[in-house]
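As structure tokens, here come the structures.
In the two complexes below, chain A is the common chain; its partner is chain B in one and chain C in the other.
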Partner chain A sequence: MYHLGLLWEYLKNYMKTRLTYRADFWVEVISDLLFQATNFIFIMVIFMHTESLGGWNQNEVVFVYGFFMVPFGVFSCFVNMWNFSERYIVKGEMDRVLTRPAHNLFQILLENVDPPSLIGSFIGLVIMAISGANLGLPFEWWTIPVLLLLTLSAVAIYTGIYTALTSLSFYSDAPTGILPLMYNIQNYGRYPVTIYNRAIQVLLTWIIPFAFVGIYPAALFLQRDEMRGMAILTPVVGAVFLSIGLLCWNYGVKRYKGAGS
Partner chain B sequence: MNAIEVQDLRKTFKVQKNREGLKGAFADLFKRQYSEVTAVKDISFKIPEGEICGYIGENGAGKSTTIKMLTGILVPTSGQVSVGGFVPYMEREKFVQNIGVVFGQRSQLWWDIGVIESFQLLRKVYRVSEHDFKKRLDELVERLELQELLNRPVRKLSLGQRMRCELVAALLHNPSILFLDEPTIGLDIVVKSEIRDFLKDTNREHGTTILLTTHDLQDIEALCSRVIMLDDGRIIYDGGLEELKQRWGTGREVQFQFGAATRLAQLVQWTEGMPVTWTAENDLGAKVWIPLELNVSDVLARVVGAADITDIKIIETNTDEIVRSIYQSGSADKPEDKIAALQEEKEAAHV
Partner chain C sequence: MSKSLEAGGSQENGKLLLLGAYFDFIRIRFLTMLAYRVNYYSGILIYTLNIGVNYFTWKAIYGGGESLGGFTSAQMTTYVAVSWMARAFYFNNLDREISSDIRDGSIAIQFIRPYNYVLVKMMQGLGEGLFRFLMLMIPGMVVAVLLFPVELPTDPAAWIGFLVMLFFSFLISSQINVITGLSAFFVENNEGVMRMKRVIVDLFSGLIVPISLFPGWLSSVLDVLPFQAITYLPGSVFTGRVQGVGIWNVLGIQVFWFLVLLIPIVWLYYAARKRLFVQGG
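Then we have the complex of A and B:
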């Protein structure tokens, strides 16, 4: 309750500050959308040349892409740690965070909420609805609750991986290269993993499990039985990776050195 | 009961060594060299509840590192810390509910929103009830005269205004221990003395224990009954300010203004047999330095009887000078002891 209350307060403040810079707000929304549009066009181009991608047709791949956007939007909204190293470690703002009575990671996430990213999630839902209708997918009583559960699990996977990587900032001053690299790898998760070679499949499933934020859970709705087992595993993978991320983080905070005087 | 207890506290940082030149930078890429820097070296002290304690030392002496360990920001390398009954870094979230922190160089407030909204947010973070919050805020706002500032965004406040708001932010949840890291840095004299008065009142009315670091010794003189002086990670003095002055003040200086020209030789002759030193400023003015063991009135008696004096001023060694000389010698032992020790060392070397 306390945490939800805080979330609401921070969101209110976000609105107050952001609405004073209105132009900036819209630029962000539009650039987000354009970014997604380019990815989407890429899928279209692929299917201009081929009927199926590893046994998946255009509507299925588009559906997977739509699902991929939903947890990604939620994650980008609530877990935005891009400038953590610079803002909290180099400038030493971590000092302030650590002297307040709420968990430090939670405070940092709250201070960086980015609600415009949620628009991506809505568009993802629309894409799922359209391509789902094209495919004639049934809408069952469990569709919404399962979608919710899988989305939360996927967000947990993202959060776990990025939290673990961001916590490297506590050890080294500038772990610059890794985050953009991850950002690129995660995009692999929105295509059928079966199109990649074995090594990449293992990598995307068990080591950096980005297959669980796109293709596996989406396959459940697409009634792809070969991936059902994986889809059901999603919440477990989410819990495991979130725990790893939090452990790394809590350990890293103990190594925090502070900045300046 | 002690608000703060510190026993053999130590903090070591691993610092990366950068080798020189392009070749060195390239070598660093593959094999890093580290050196260990000990910022705080096994210090121990206790601060009883309700005390205002000054924590002073040169830049890099380890003041901030100590404060950061006491507030739970840094985890000590070794030693015990107990603040308000908690081990700061262990139960951080519970512990910080009980303390207030002001870093003079950093803001606790949100930059873009009104001051009052920052306070509201902090109210939620610290779980202060609406009723207590209102009472406390009214009290603080009135005391620090912030009525007009409450709706302005923090970025539009002057440093003095912001600092007063920072104090409110740190005290909204009525902490029993307040840590201040250079609270008066960069402020003008009026704001400085306002803040000093405010801290004194807070301490008196609420019994708040205050630990502050500062470079402005007037803060210490105005506020602290006790000072802890740090040099190179070690405590070199811990005790009352008066005691420090007595121990280190080596003498007093008396300034004379004469009605008629008075020569230096004449002055020296009047005080013959006394271990005093005269310096002439001009024909009508002179200074005499009187060591502690000598009574100022004895010297005055001799001069006043003989010369035509228009003005007399007695100057005690001020804290600034005392502290400067302690910093320079790196020890708070009496200078004579130091010299004696040095001589002994020399003799030993000769043998």
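Then we have the complex of A and C:
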């Protein structure tokens, strides 16, 4: 309850700051949409030149993409730590966060909420609905609860991976170029992983499990039996990676001594 | 340099001194990057992964097919590898650096110093590029050649043409970054603009999809935009799709865009100096 109250206060604050810079708000929304549109163009271009991608047709790949957008939007809204190292470590704001009672990670996430990202999730749902209808996918009683569960699991995977990577800032104050590069890699989780070779498949499944935020869970709705087992594993992978991320974070905070500024 | 100082403060010497200062910006950035080189070893790995994923995606798209948009399967592999590795070189965060200078107000100090701010940023970008070329692009290319069936050009003209064009890729990409960064003067928070730029450059420069594979209307639009000069044109030379006199033509396109992009930069620079107000300070 305490945390929900905090969330509400921070959101109110967010609205106030955003209303000062109204034009930027729309630029950000449009840039998000454009980002999705370019990915969409890629899929369209691919299917101009081929009938199937590793045995998946255009509607299926578009459906997977729609699913991929849902957890990604939620994640980008609530977990937004791109400038963590610069803002909290280099400029020393971490010290301020640590003097307050709520958990430090929770505060940092709240200070950086980005609700416009949720628009991407809605578009993802629309894309799923349209391509799902094209494919004649059945809408069962379990569709919505399972979609919720898988979305939350995927968000947990993202959060785990990025929290672990961000906590590297506690050990080295050097500007690491890893985060933006990781951003590229997560996009590969929404194509049929079976087109890649063994090494990349293992990497995307078990090491940086981005296949679990796109293709595996989406396959469950597409009734792709070969990936059903993987789809069911999604919540487990989510729990494991979220725990790893939080452990890395808490350990990092314990080691943190301040930048002295 | 000290000798020229003794010779007295003639204008000639002042210019030399300034030139030396610009070179120092290249050197210092290079050395700063060198201090953090360990971070870039992971970069090699990740760029290789990018090439790998794209390679396998294209392999699946080709299936048994011979040629797509004028690319054979082998050319596509080479194109993918060289495009990503070129990006490893020309990529920089000048847009972020400039807009954070603008947002925290330190640009005011930079403007009163006796140098050209934009030129200094370009020099720092060059220092970073030099580092990326030696520490990221070259080793990355070696790894890519070992792992994937990349066909290196045999014609020396292709190599020379490619290297010259690669330099222009860097210039044009940095110019676009500078323009994006300076936009912070006009829309205080330009995070969205920067994100948009990044996506547009990656897609429309032909990094993700070679331009000849886009639908006809889109590729004819992209033909008159500067982005193709960053990835697609140098990549075409490296894969041997453009040869002989054609190399001069595509180089001409790059030079043309380099000159054209100077106009908005100069304009923004002067408009910005008039407009500058520092938020909070």
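In this section, the second predicted complex is superposed on the first by the 259 of 261 C-alpha atoms of A that agree within 3 Å, B and C clash if a C-alpha of one lies under 4 Å from a C-alpha of the other, contacts with A are read in each partner's own complex, and residues count from 1 in each chain.
Here is the rule we use: contacts are C-beta pairs under 8 Å (C-beta built on N, C-alpha and C of every residue); 3 or more make two chains touch, one makes a residue touch a chain.
Everything numeric here is computed off the predicted structure, so don't read it as measured data.
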Inset, instruction - Based on the superposed arrangement around chain A, label chain B with chain C as either clash or fit. - result: fit
Inset, instruction - Could you look at A:Trp142 and tell me whether it touches chain B, chain C, both or neither (first, second, both, neither)? - result: neither
Inset, instruction - For A:Phe122, decide between first (touching chain B), second (touching chain C), both and neither. - result: neither
Inset, instruction - Using the touch definition from the top, say if A:Tyr188 reaches chain B (first), chain C (second), both or neither. - result: second
Inset, instruction - Using the superposition on chain A described above, determine whether A:Tyr251 touches chain B (first), chain C (second), both, or neither. - result: neither
Inset, instruction - Using the touch definition from the top, say if A:Tyr171 reaches chain B (first), chain C (second), both or neither. - result: neither
Inset, instruction - Could you say whether A:Glu9 touches chain B, chain C, both of them, or neither, answering first, second, both or neither? - result: first
Legend entry - Superposed arrangement, angle subtended at the Cα centre of chain A by chain B and chain C, nearest 10 degrees: 80
Legend entry - chain B versus chain C, judged by how many residues of chain A each one touches: C
Inset, instruction - Tell me which partner A:Arg96 touches in the superposition: chain B (first), chain C (second), both or neither. - result: first
Legend entry - Distance of closest approach, chain C and chain B, by C-alpha atoms in Å: 5
Legend entry - Residue numbers on chain B that touch chain A, as the complex places them: 13, 59, 64-65, 68, 71-75, 89, 92-94, 96-97, 99, 101, 103, 105-108, 110, 112-113, 117, 120-121, 124-127, 181-182
Legend entry - chain A-touching residues of chain C, taken from the complex the two chains share: 36, 38-40, 42-43, 46-47, 49-50, 52-53, 56-57, 59-63, 65, 68-69, 187-193, 195-196, 199-200, 202-203, 208-209, 213-215, 218
Legend entry - Contact footprint of chain B on chain A as seen in their complex: 2, 5-6, 9-10, 13, 16-17, 20, 92-96, 98-104, 107, 254-258, 260-261
Inset, instruction - Please give the residue numbers of chain A that touch chain C in the complex, ascending. - result: 21, 23-24, 27-32, 34-35, 38, 41-42, 44-46, 48-50, 53-54, 172, 174-178, 181-182, 184-185, 188, 191-192, 195-197, 199-200, 203
